[in-house]
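Note that subunit A is present in both complexes that follow, paired respectively with subunit B and with subunit C.
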Partner chain A sequence: MSADEIDDSDGVRSLFDRLLDGDATLVIAVLGAIYLAYVLAGVAFGYGLRGQLNSIANLTFYIGVFGMLALALNLHWGYTGLFNIGIVGFMGIGVYVTALVSKPPVAQGGAAQVGGLGLPLGVGVIVGVVVTALFGLLVALPALRLRADYLAIVTVAFSEIVRFTMMSRTFQSYTVPDTIDLTVAGVQLFSFDPAADTIGLGGGGGLILNYPDPLEALLRTLFLWEPYLGFVGFVQRTLIPNNPKPVIDGFVYGLLLLVGVGLFYVLLSRVGKSPFGRVLKAIREDEDVANALGKDTDRFKLTAFVLGSALMGLGGILWYSSRGSITPPSFRPNITFFIWIALIIGGAGSNTGSFLGGAIFAGLLYEGPRYAKNLIETAFDLGDAPGNFGTAVAPMASLDPVPFVLYTLDSVSQLRLVIMGVVLIWLMHNRPEGLLGHRKETASSVDLSRPGGRDASNAAAADGGENR
Partner chain B sequence: MNISETYVRYRRSLSEEPLAIGVVLVALWMAWALVSGLVTGGIRVSSLASLVWDGLLRGLIIGLAGIGLSMTYSILNFANFAHGDYLTSGAFAGMATSYLIAGIGENSVGALLLVGAGGSVFGGAIGVGVTTSPIAVALGAIVAGVSTIALALAIDRFVYKPIRDESGIALLITSIGVAFALRYLIQFVFGAGVRGTTAAGSVPRVNVPALDGTFRITAHDVSLIVVAGGLMLGVHLLLQRTKLGKAMRAMSDNEDLARITGIPTEQVIRTTWIVGAGLTGVAGYMFVLWKGTLGFNDGWLLLLLVFAAVILGGIGSIYGAIGGGIVIGLTASVSVIWIPSEFGRAAAFMVMIVILLFKPSGIFSGRTTA
Partner chain C sequence: MSESDDTTADGPLPAEGGPTEEAPESTEDASTDTGEPDDAFDMAGDAEVSSGSTPLEVEGLRKTFGGIVAVDDVSFDVEAGTLTGLIGPNGAGKSTTFNLITGMLEPDAGTVRFNGEEITGLEPHEIANQGLARTFQIARELEEMTVLENMMLAPKGQIGESLWRSVMPITREAVREQETEQLDRVWEVLEFFEIDHLADEYAGNLSGGQRKLLEMARALLTDPDMLLLDEPFAGVNPSLEKRLLEHIHELREEGYTFLIVEHDMDLIMNNCERVIVMHQGRVLKDGTPAEIKDSEEVIEAYLGGEV
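Right, the complex of A and B next:
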């Protein structure tokens, strides 16, 4: 190909290249593949429209939350190099605070449980995020002086302390006085009548989230609730005659989560490209150098940690606030490691990679094994699984593998975690940079790599042709 | 030193180390609460003694498990998050052996080997205990150690060795993968249920008088002390009398330098795993024998306390791990005097965090391995 031809077709080719290399294409391709697999699985299960929507909504939900949390973790680990394995602690704080603020007082709600302050859900979310950020500050102030592995241990210990606090009987329930008076020298300065009767963390039983449904609250705020109900009615008349609202609710909530992921992505990309983000990346590469160049690295790390923690709190709120209740066992460190695996699959340091990692983790590792099990069970009518490993293995002696296969399928929820562990080991051996980690954004604002392509081939090789 | 100098130093410490002042104030308050509680009778001496005894035993287990973690942390330079699941593996392997020996003949071998998965055999019924079936317990402890060594060596060969030169963080992340795989494989094989392993009621016990009451010492307490003490002494002698300790110290300082001075580094690593994993497996078994229950999560739940002990004692120091283990064990048990009992473990974590902030090299630092 001559030089002229290249010049002519340059514009078209670069556009084509950009489309192929473009993050949007990659994301659409990966999401498309995952959704296609789920739809096909749904067809195999013989789902109707309702079942398909349900399955897709569930998948979207997990893609959304894992994508968001992996993005937030990318700010900590991918950009700044902060090894935070206390993610679930921040998520828990976010959703518990939201619950405390927004749960109706017991007298109104009627549930025989601890109540809340009864404020609107939007206020609850904001307070939840702010309080999570404050806890992030509380952890970061002392802990950021530590080495990466010590920071890891401190953060995971923090998340366990959070969980112990949720479970503890001490904070289970407090009775709120009817009026809070502040009287100094016989003069009443302040009198407040709190709406709540009891307030607390609910102990081991957790909290019933008896505030308005988050989706309803959001749509009402946007004055879209009536049109939404109209749409649900339309679907009921035309497509799904049998109570379509929960399905559509889930579907729309999943879509909103994807919008949330987009917002996270835009925010974090902007942060990453800003001068602030460049300092973060410099800290990741070499904190001493960044320090020597006059950057107050402690301050930058602190800000990044607090921002990331707040986003994790928001992620936790979006994950759990649409559930009927929250209990402390949901906030075990396993969730933290799930998010880490998602980030490592996608590649730390790349925002697109973080989201893709979240999507692939949710689609393949988190939900996938269950679908695979259901598919096999639909395809072959296998009967009941043995109750324990012994009765599953014993028939192997007489060359009957069926009970073992059944037991394996039945234990898919545990084996799923084994698979995750093995995938993590495999990734660390073979592709520690993940899918897109090789595109880790550099700290500098200008391209420091050698100019490649045509220009390089014309230039004299100053390095003896080593890099050809 | 004159008064103004003292004053200046005091003022400086007040402004520079507000946390340190806080810690001192908390310590003073705790001492006051304890003394006043003992004087007024709000805290009974016997219940305090019981808590101290419990904390000491817990600490011995943490310390024994901590030696292995501390050694691999300093030699291979990574925090092994799978260490807790090595404990669990040792406990299951050892208990399967004990069950088999104690219950053979009357029960199916499969149920015994699965440590009574799904309630098929009960440890209490077949009389697992140091007095009722001493051979089963002794062999169980040995098998626990040996099988954990085999497991650790296999994992090292296939998982850690190929990425030996990677950073400590890469190895840490890998070890999380190992922990997941191990823990849930154990759950897959042995089931999720928490089972009672010993005939808790029939373990011989003596009530030791303590001023206003008694506290209880059982045969399993004593066997734990004997085993842990013996193994700790053995490690001490091993590292003092052989060149292993010196080679390990050389390696933890600088692996390349150690290799060019003729230290066979891979062999030292293997020996480290053997010693560390052996102690860990036995610690897991003794832990389960002592507390009398066994679940697939036990080691993981203990892991953070072991980390706390190792950090407290200073990474790489086996005496630090033992000392740190006892401090952490005592903290987790005795702290219920001052705070609600749900926060015993949280208190131990707080001790660890405070140590990391003020003396990240550990309180026993300067006295490294042997």
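Right, the complex of A and C next:
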């Protein structure tokens, strides 16, 4: 994951060396452990290849999206100290705008109640990111002039406004006239025949994402669609005879998300390891000092906030656009707090830590409890869980804990939040800086050790600059 | 080490374009910086000449907090190349005056002129960019940044402070070059203040005195014409105090102008050419240390006024 090291023209060999003893080892070790656990769980469940691939694809998906979003949040909180608790609002804007731009006009869509502009998905994604960035600007302009806690209030309010707007009947559907004319003083300036019949946010029912599958759209753009279908056919003939395409689709999409994480990482490392990132860090530490040193802190905060928001929008698009539909309840603030937990686990301030936090959160806290439940149920045939808490607890009096355990297992998806809370409290007590938050990731594009080579032997330089 | 010792003796802090020509070898690298910082400095240098000998002129400054008049009609000026002390008992309005000058607070009335230009009500960063640097009463180092990061932050006109220049592969090379150039100067200044052995430490791990040194070194890297030091000796042990004073004198000889807020009367009397005494928000007396010592009013303010 240390792709930023491409920067240093130390040659391939030293790059390779640093990859091995640096972050890459850690990332590979953590991912390896998580994947191993999931594969072993799959074996225990008696999954075949198809089941294993499905489980891995699902895990990879969540590692990818949580990794990306934790990285984006790290720019806000870890670097700049901007307390954004409206992440899910930016994600929602991203994916809703993408949907509006790329959904086909309703006449062709059939099942969908509202249409879109029918533009290619690539355009939709770009517009989605740009619009999210603009909303980031809108939120930041008034809020950044206030102190940190006000930004928190503004962002969480904003994300709720976004969600209620999605649900609102006012914006549910709007019938687009057949032609739009702009005529001023009898002169027709503009005539436009919009493709869409109706457009809107779909209200509480959400939007059906009846545009081409994002994976297909991407592969078609890259002229890889035919080879891909060939590969799917090959798998069908050899490994998975029964309709392997959805499984492979999921798997490949997961891999693409990991590539996306890599791109986020490279971008944000470059941002961090630069004079720009240094000013962001200074703002986090003490804004008045940065200001007294001649830095226009408002400008820096604004830029960082807008960039982070845009990345959150992109994260939202990549998370939800491959779903069949999107509905407002998906964008409740709990997603925001999941991402915060991921960042806190990984360690605010470290990009590698942010990704690791995302991966660990996805693997252990988000998906893990469900797997643990299934695992226990597979291992011990315990029968049906009691229907309510009373019947679960009553047998405890006669020292029979089984119904209670069953009940607990059965409610594991609700208990997930409790588990996250407990983990968070434990972290706050024992390791508030997270996994990698203690590290020095020097905010500079160059090695800052003493020039002139007096004590700038290569090893010292590598150690002094980073990883301490 | 010998190389660095030499430069230290000569005064390695290039007041580029400034009044002295004493450190030619160290001015080289700084002046090869890309355009902006030099321009900024030249402009400041020109202005300094045109405005004669008083880079800082404060006139009729007034600030109230609710019903309390913290600073009341304060006027003074500071001559170029001098060490001027601003003293007064607790609550005399010294720090408020400082904050008004540096833009941390906005005055209710009055003007501040720096190098002939009015800077009243400008943002702190605008004032800093005009060449008026400050330090804080309680050293405000950036704790979770290393000493080196603290130092690298300061220089003006860093092209890498633009997001896209730092991110784009083509423009990033120039950013790296400028940072490499800047680095030489950073190490020189660290050596001058004898904190180079702490370069990789988090600033938060430094002792109180070391933080004061770091803060001054950092302010100096902004290439200021004038430095406002807010109680630079508070909480500093005597040996470090001596060192700090030596540094200040050395820098003054290189042409920097200092305005120092201080509590300790003796320290100011022994080191400053000129002393401004504030009391209850007003300038009580403005003169040479000898004049101040003989002033009845000042003695009364200090002996009678302080609780």
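The rule we apply is simple: the second predicted complex is superposed on the first by the 418 of 468 C-alpha atoms of A that agree within 3 Å, B and C clash if a C-alpha of one lies under 4 Å from a C-alpha of the other, contacts with A are read in each partner's own complex, and residues count from 1 in each chain.
Note that contacts are C-beta pairs under 8 Å (C-beta built on N, C-alpha and C of every residue); 3 or more make two chains touch, one makes a residue touch a chain.
What you see is a predicted model, and the numbers here were worked out from it, not measured in a lab.
Asks: One more residue to check, A:L307. First (subunit B), second (subunit C), both or neither?
Replies: Only subunit C is touched by A:L307; subunit B is not.
Asks: Please work out whether A:G421 is in contact with subunit B alone, subunit C alone, both, or neither, and reply first, second, both or neither.
Replies: first
Asks: Of the partners subunit B and subunit C, which touch A:A292 in the superposed model: first, second, both, neither?
Replies: second
Asks: Under the stated touch criterion, which partner chain does A:P241 make contact with: subunit B (first), subunit C (second), both, or neither?
Replies: After superposition on chain A, A:P241 lies in contact with neither partner.
Asks: After the superposition on A, what does A:L267 contact: first (subunit B), second (subunit C), both or neither?
Replies: It touches subunit C, and subunit B stays clear.
Asks: Touch check for A:P275: first (subunit B), second (subunit C), both, or neither?
Replies: So A:P275 only meets subunit C here.
Asks: Please report the subunit A residues shared by its interface with subunit B and its interface with subunit C.
Replies: Looking at subunit A, the two contact sets are disjoint.
Asks: Could you pull out which subunit C residues touch subunit A in their complex?
Replies: Touch list, subunit C to subunit A: 3, 102, 104, 123-125, 128-129, 133-134, 136, 140-146, 148-149, 152-154, 156, 158-163, 166-167, 172, 175-176, 179-180, 183-184, 186-187, 196, 199-200, 202, 218-219, 222.
Asks: Enumerate the contact residues on subunit A facing subunit B in the complex.
Replies: 83, 142-143, 145-150, 152-154, 156-158, 160-161, 164-165, 167-170, 337, 340, 344, 387-391, 393-394, 411, 414-418, 420-425, 428-429, 432
Asks: Which residues, counting only subunit B, touch subunit A once they are in their complex?
Replies: For subunit B paired with subunit A, touching residues are 19, 78-79, 108, 110-111, 113-114, 117-118, 120, 159, 162-163, 166, 168-170, 172-174, 176-185, 187-192, 304, 307-308, 311, 340, 342-343, 345-346, 349-350, 352-353, 356-357, 360.
Asks: In their shared complex, at which residues does subunit A touch subunit C?
Replies: Going by the criterion above, the answer is residues 7, 267, 270-271, 274-279, 281-282, 284-286, 288-297, 300, 303, 307, 349, 440, 442-446, 448, 450-452, 464, 468.
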